[in-house]
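Look for chain A in each of the two complexes below; its partner is chain B in the first and chain C in the second.
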Partner chain A sequence: MNVSQLAEKLGLEIYGGAKGLDQEITGGYTSDLLSDVMGHARAGSIWITLQTHKNVMAIASLKELAAVVIVKGYLPEEDMLEQSNIEGIPVLGTHEEAFEISGKTYKLLHKK
Partner chain B sequence: MHFEFKVEGGNFSRAGFPSSEVKKRLKQLNVDGSVIKRTVVALYEAEVNIVAHAYSGVISVDIDAGKIIITLADEGPGIPDIRKAMEIGYSTATPEVREMGFGAGMGLSNMNSNADKLEITSEVGKGTTVVITNYFHE
Partner chain C sequence: MKTFRADLHIHTVLSPCGDLEMSPDVIVARALEMKLDIIGITDHNTTRQCRVTRKLGEKAGIAVLMGAEVTTKEEVHCLTFFETLEQLDDFQAYLDHHIPDIRNDVKRFGYQVAVDEHNDIVYTEERLLISALDEGIGQVEAKVHSLGGLFIPAHIDKPRFSLYGQLGFMPAGLQVDALEISPKTSPAQFLLLHPELRGIPLISSSDAHLPALIGTRVTCFEMEHPGFGELRKTILEKGRKNPKIIN
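Entry: the complex of A and B
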């Protein structure tokens, strides 16, 4: 499943990084601690978080993540969006909490 | 190959630039992907430590056919007890830094597990020097 298919199925907002919407998703990681993601997220994952600042994109890029999903209706800061467009890594959003959206994503990614 | 980056304490908006540049260079040199991944994690964590704790720093990168050596030298408060600082969960980060999701006490342990060799020397009141060495072949 690619980023744009996931966004459509879960009704996610697309804030930026549209160039990366075709990126294939191979897993997910849910965390708000940047070093936790740095140490443990795998390339190709979507990252579910409530962090909304530019450093999120630095980590997403270095770890080659597929996309970032911001939870609880929080909006990405302007420089985060800028970086998302530069890197071509989509920033998506949902009003749901991390638990709900992680569960739904997990189910979709593991459906046969 | 030798190149350097200056790091400004407190300026998170530029954090990640040196790691991203090093990643590009290593890719151009066809270094094994897993070595690049580990190097970038160790370097990013070390860089963020300078931004979060020190006043300024210089990152020097040396690459030869078999290895990359990254030296991060900062002017800052120094680390009184390096062994304690290495413990997972131990952190002296400010509340502001923690709110951003940094400063959870995982950085040094990430550096340790992603560097083939990690050397830390520090003088309280002066600064800290971190040397990360990663080899391209086993």
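Entry: the complex of A and C
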């Protein structure tokens, strides 16, 4: 499944990084500690977080993540969005909490 | 030039985690005992214990830097200091505006009271002070600097509630005046892991929540006299030596 298909299925907002919407998603990682994501997220994952700081994009790029999903209706900060567009890594959003959206994403990615 | 011993990260009774013994008079007495010249009063997200501590410090010949340990939206702890009472009040108004209205549960988190010089309670903070502000680290930094204050991310080597733990690395464009390392590391050890931070002044402090911890970690500043203005100048001076950190 690619980012755009996941966004459609889960009704996610697309805030930026549209260039990366075709990127395949191979897994997911849910965490709000950026140092933890830097150490443990795997390439191709979508990252579910409430952080909206621009460092999120640098780490997403470093770890070659497929996209970032911001939870609870939080909006990306302006410079985060700017970086998302530059890097072509989509920033998506949902009003749901991390637990719900992680569960739904897991189910979709592991559907046989 | 003289050498002044500073412990710039001390909590008072007003911080929920601060021991009830941490009244301004006890803090100043302990600072004298530990031969400190400068102390920083940095409660979580509040400056309301700074005035009286400064007053008591003045009497005892100890310079008191007034500020707070701010929790940014990303849950990064940052030390902030201000020179004048007007700036301090302006910053307090900012804190009051941006701290969420989550009530403190005294049984769980502890008392949040400010006391006067006679240790009479003059203020009780109802909002939980260990909450995070709704302002990001860049916004807090900009506010502090607009008031002529000092902005120093706290205990940045710690895995939690630190700039590196929460944000992974130093955000480009963030104007830090210095960085605080915890007593668990030394400048040499820390810079080995983070060579990119060379050139930024490092300080270290006790982060005392108990009287016995005050002055157990000290940063020495070489300057003409103790106080905010001189300290600011010393930290921001180009080509200055790193202050010496001792246990």
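In this text, the second predicted complex is superposed on the first by the 112 of 112 C-alpha atoms of A that agree within 3 Å, B and C clash if a C-alpha of one lies under 4 Å from a C-alpha of the other, contacts with A are read in each partner's own complex, and residues count from 1 in each chain.
Convention: a contact is a pair of C-beta atoms (placed from the backbone, for glycine too) under 8 Å apart; a residue touches a chain by one contact, two chains touch by 3 or more.
Predicted model only: the values in this text are computed from it and were never measured.
Between chain B and chain C, B touches the greater number of residues of chain A. When the shared chain is aligned, chain B and chain C each come close enough to touch A:S35. By the touch criterion defined above, A:S61 lies against chain B but remains apart from chain C after alignment on the C-alpha atoms of chain A.
Of the two partner chains placed by superposition, only chain C is touched by A:E77; chain B is not. Residue contacts after overlaying the shared chain place A:Q51 against chain B and chain C alike. With both structures placed on the common chain, the touch criterion links A:I86 to neither chain B nor chain C.
Common to the chain B-facing and chain C-facing surfaces of chain A are residues 32-35, 38, 51, 53-55, 58-59. Residues 73-74, 136-138, 159-160, 164-169, 171-172 of chain C are the ones touching chain A in the complex. If you check the complex, the residues on chain A that touch chain C are 32-35, 37-38, 51-55, 58-59, 77.
Interface residues of chain B, counted against chain A in their complex, comprise 12-13, 15-16, 19-20, 23, 37, 40-41, 44-45, 48, 100-102, 104, 106-107, 109-110, 113-114. Of all the residues in chain A, the ones that touch chain B in their complex are 32-36, 38-39, 43, 49, 51, 53-55, 58-59, 61-63, 79.
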